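Here it is, the structure, as structure tokens.
To keep things simple, chains are lettered A, B, C and D as they appear, and every chain counts its residues starting from 1.
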Amino acid sequence: MLLDPGFRLEIYRRMVRIRLFEEAIIAHHPVGHLSIGQEGAIVGACMALNEDDYVTGTHRSHGHPIGKGADLRPLMAEIFGKRTGICKGLGGSMHLTDTSKGLICESAIVGGGFPLATGAGLSAQVRGSGQVSMCFFGDGATNQGTFSESVNMAAIWKLPVIYFCENNGYAVTTPVSRSHGQPDIARRADGFGIPGVTVDGQDVEAVLAVTREAVSRARAGEGPTLIEARTYRFDEHSNRLAIPIKYREEEEIRFYRETRDPITLYRVVLAEAGLGDDLASVDAEVREAIKDCVAFAKDSPEPEMSDLWDNMYSNPIHLPGKPRP
Amino acid sequence: MNEIRNDTQRLSYLQAIIEAQREEMRRDPNVILMGEDIAVYGAQSLFEEFDASRLRNTPISENSFVGVGIGAALTGLRPIVDLTIASFCYLASDQLLNQAAKLRFMTGGQLRVPFVMRTSTFYNNRTAAQHADRPYPLFINTPGVKVIAPSCASDMKGLLKSAIRDDDPVVVFEDINLWGKKEEVPTDPDFLIPIGEAAIRRSGKDVTIVAFGGTVSHALAAAEALAVDGIEAEVIDLRTIAPMDRDAILTSVAKTGRLVIADNSHNVGSVASEIAAVVVEEGFESLRRPILRVTAPQVHIPYNGTLEKQLFVSKDRIVEAVRMLV
Amino acid sequence: MLLDPGFRLEIYRRMVRIRLFEEAIIAHHPVGHLSIGQEGAIVGACMALNEDDYVTGTHRSHGHPIGKGADLRPLMAEIFGKRTGICKGLGGSMHLTDTSKGLICESAIVGGGFPLATGAGLSAQVRGSGQVSMCFFGDGATNQGTFSESVNMAAIWKLPVIYFCENNGYAVTTPVSRSHGQPDIARRADGFGIPGVTVDGQDVEAVLAVTREAVSRARAGEGPTLIEARTYRFDEHSNRLAIPIKYREEEEIRFYRETRDPITLYRVVLAEAGLGDDLASVDAEVREAIKDCVAFAKDSPEPEMSDLWDNMYSNPIHLPGKPRP
Amino acid sequence: MNEIRNDTQRLSYLQAIIEAQREEMRRDPNVILMGEDIAVYGAQSLFEEFDASRLRNTPISENSFVGVGIGAALTGLRPIVDLTIASFCYLASDQLLNQAAKLRFMTGGQLRVPFVMRTSTFYNNRTAAQHADRPYPLFINTPGVKVIAPSCASDMKGLLKSAIRDDDPVVVFEDINLWGKKEEVPTDPDFLIPIGEAAIRRSGKDVTIVAFGGTVSHALAAAEALAVDGIEAEVIDLRTIAPMDRDAILTSVAKTGRLVIADNSHNVGSVASEIAAVVVEEGFESLRRPILRVTAPQVHIPYNGTLEKQLFVSKDRIVEAVRMLV
């Protein structure tokens, strides 16, 4: 695969945006589930998509919109619960859904995105729009019944859906080895008659390559693909949940942080490709953008009680508890 | 039961469902129909007219095919999902209540969810407790979902068409005990009945009877029987369960001072309970007597048909309740 | 496999009991979903079990208790909705659950039995009882999320469960080819790391053999097995549902009825083994038993309203609608 | 809040849950605990004492692991399933309502279902609408399930122990806003609080306030505030939502003639609605004023914490409601 240098820098830029966005969360408003360590999987998958392709994500929701190219200001304002947030402060950290970039749901119900992504694929097929639907989910989510149900439906109807597993090895404290009858998630694809591929999620271009193949199959009407990207979460499950037990070794965490960081690894690749000088300017640019979005979020107003009512239905309905006009 | 427009056509309740779907599928290519064995449940004639791509026989995967419909609704289609039997609603309730009901709100209004889920209550059919649920209350506590329960063919047509054109998720409760009932139904392809408005089926000054779906005909029969004794019942057909037309109920009770509610849900936490709560909260001053709920008792539906049919709302049970009040 | 002649005749007897029981239903009280054509799969599976092993079944519920050796009188009385029925007339045709033979559920919610059977396996494991749990289900049911969820749990915990698919090719009118991403149901097992085997469901001894193997694995602590028995339903989906479309060819039905009837096929086997003379006496005996159970059912009283209340809870509770004593 | 037996121990609400489970696991080897990451949700100390075979970390498969618990309950175990967050109840509602609730009945009493499902309401926690449900009404319309919602540590211990010993399915609603609250809790391993009995937390003659779970402390605070002005409120802690102690409520209203219900469910189809319906049906003659429901409004729970906390029951909202009645 010969990638254009500008495109490669955009890959790099989006990974750094996710990383610094979340470091800013840690510094300024520590809520939620971070994607730090998983940027290669996310960005590799998103860069294989067109802007109008659909995406569903998870409780670990910050990476997907950024990977898909969303503006940072409304995302950070959402983290802060502000009215200028992408969801007006109503959705929050687990739900950074930017529909202008094709996102239709970041589901905090684990497994909730499978049917929705599948439905988006059905919609694209019925309308003949040529769009594909990218469904992000974790290793833990594959044990939810909606996974099998949805993959099967996409298989029957040859829907243009890519089921993309960010396998970070754990669901909260539960390792894949103790929650899956066998640990190769991609192997589940065969039972539904679709291809399943495993890829190194820390190698962003490898992820891009397998995803592009899945996207072409989907656009060609050949149906869904299951991609399992092996990755790792560098931080705790969530900033907000105290974990009283030790379920993974310090050694393991150090190994990933020090030798398998997708950004560090990609810097080496780009440097070898002669793009080393550009990295620093991308870094600086992203740092500025982060500063800007944090300031924007801090300065923004909170939503008002009337916003709750205004976002409930497509038509005005007088419901119990709604202040009479 | 609605005022007859220029042209009408004699249709059963089930035919009205099919015709409503046919007309909306003609009108808007984004309307699709999904469900298990949909041809068996009435849709076979649609296969002759529409592209198979818009008629999807689904695998048996309730939570997911409802969710697939919702996902399609988020992205440009207006899906109708037929969940056949209402006892299967629990399986699909997560996608309905955690996704469809909440997504517009949770995205700050970025999304709309023009999604219809049809489901039919299969009581009085000797299929036992796992097929006979009337889970009307399941979808009313969580806001964000509209719920309709038409009582006759023309209402079904007009309300279902409104549901399909609505930009919010709508659950449609059909009643299989009504499927065969025929009446004149308007043929105007823009015949719509607004969601959220009750209908006064009969005026009266002595007592208000609120009913919906399969209990309306029993309420009307009860009113006729009571009229013989000079008791004039006002019969309100709720038509929409959520959002409820509280004004129609309160206005009627302000006149009659007495209220009986006929609902085939189990008693506890029923739609009838909600109506009673609204009236004792907002209409207390006009209440002259207790509010009585005529519902299914708090016991499961047995297979034995003799016992089963005694559990549901009947003309006699409504008459008996009214007589306790007047 | 060398089977004792008495055991073989018992296999035959149970198949004939299912067949004649259901023919009596057609004649006397036409309700429900019949297992005619599927007797080989059901009885082959049940004969591999001990009396105290657990069984869950489906809406097509008549075969499982008979296969497990249940008395016919309470079963037929249940069909008639009588108080002497196995479920006192409260459960009915889709729910012939005889707990004295280890049955714990005949679920009319398609897919509802998977978790229950898995739980029975968990119970046997925790209590160290040595029992196994046999989960019957249809081809259509495998698309329910509970299938994958439950099989996976049984796989992780190595539960003594046998997932036994009566694949009769259709779910109501929907053929496997249009509802499954790929049609080999047994192939789904691999995704969960358990063995999956396919067997000719019309060959009762073949079914017995594969089930015995699965039962030994289960009892030995080696975990669950998925068995797919290829079978065919000779009659309509249900006596009570009008099917307005043609979804399978007359030719196909005739082929199965005439050449793949599990009872006819087994008669040939037994005749070849020199047991031909015994068949007629088994037939006669079963015919008598059927006559007897129909008469019993007809003569039995209906349940009373108080029976409904008496079977609700483990303690007396005054609930709305209950007549005050 | 219960009368103190011989020995007590200071425990938080969450610790009371753990101790109740520990004692019952000691008492009966058939009691097991299942759920996702159960060690994270408080059970880690149980791992030190009990065999791993009785402590099952489940995959993320709510409908099935609840059903696995039910299947185990049918066959000799007494499982406790921890469903962590109540917003996930919809996913598990089919096994709960179509199987656990119905199997005793549908088998003519052949089976018993000694099954406990714990789940906690995560509101006021800035986790937004997909984590903040208070779906109390979900399990009350279908008969066959008992539902408890303890308001304090000692009640939690006594009721949860009763639930574990009960032969019917019991849903236990925990309230995370109470998890940290400590009080003296009896250490007697046979300390049990009967399911189905409400408690009068405070006597009064002017108005009845019915509350449960997280709203009880607000009701008591409201009563204290009202007492300053000479209004004596009777506070009833429902403790069990189903079967409901209707006699306790009706007796109190017979005395006070006024009723306010504090329930964090959304308003429509709430537990409060059911209580209001019971009282206007059976206690109408004693009612002097409308029945007011203090509930969450019919709007989703936002992420923004400032707005979120205004949606739930508070002392001030209860005081305001009472003042409208007296």
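Definition applied: a residue touches a chain if its C-beta (ideal position, glycine included) is under 8 Å from a C-beta of that chain, and two chains touch if they have at least 3 such contacts.
Owing to the predicted nature of the structure, the values given are computational and were not obtained by experimental measurement.
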Exercise. Across the interfaces A-B and A-D, which one involves more C-beta pairs in contact?
Worked result: A-B
Exercise. Which listed pair, A-B, A-D or C-D, shares over half of the residue-numbered contact pairs seen at B-C?
Worked result: A-D
Exercise. How big is the gap, in whole Å, between where the Cα atoms of chain B centre and where those of chain D centre?
Worked result: 31
Exercise. How far is the middle of chain C from the middle of chain D, if each middle is the mean of its Cα atoms, in Å?
Worked result: 39
Exercise. Where the CA atoms of chain A average out and where those of chain D average out, how many Å apart are those spots?
Worked result: 36
Exercise. Could you say which residues in chain D touch two or more other chains, in rising order?
Worked result: 58-59, 61, 63-64, 87-88, 91, 94, 98, 105-106, 128-130, 143-144, 268, 298-300, 302
Seminar exercise, completed: So chain A residues touching two or more other chains come to 87, 89-91, 95, 107, 109, 112, 143-146, 149, 152, 156, 178-180, 307-308, 312, 319
Exercise. Contact residues on chain C for chain B in the complex?
Worked result: 31, 78, 81-82, 87, 89-95, 107-112, 140-141, 143-145, 171-174, 178-180, 241, 243-245, 302-305, 307-309, 312, 319-322
For this session: Using the touch rule from the top, collect the residues of chain D that touch chain A in their complex.
Result: 36-37, 39-40, 44, 57-64, 87-88, 91, 126-131, 267-268, 295-300, 302-307, 310
Exercise. What part of chain B is in contact with chain A in the complex they form?
Worked result: 30, 32, 53-54, 56, 58-59, 61, 63-77, 79, 94-95, 98-99, 103-112, 143-144, 146, 166-168, 196, 243
Exercise. Any idea which chain D residues touch chain B in the complex?
Worked result: 63, 87-88, 90-91, 93-94, 96-98, 101-102, 105-106, 128-130, 133, 135, 137-138, 140-144, 242, 244, 265-266, 268-274, 276-277, 279-282, 284-285, 287, 289-293, 298-300, 302
Seminar exercise, completed: chain C residues touching chain D in their complex are 54, 56, 85-91, 95, 97-99, 104-105, 107, 109, 112, 114-127, 129, 133, 145-146, 149-150, 152-153, 156-157, 307-308, 310-315, 317-319
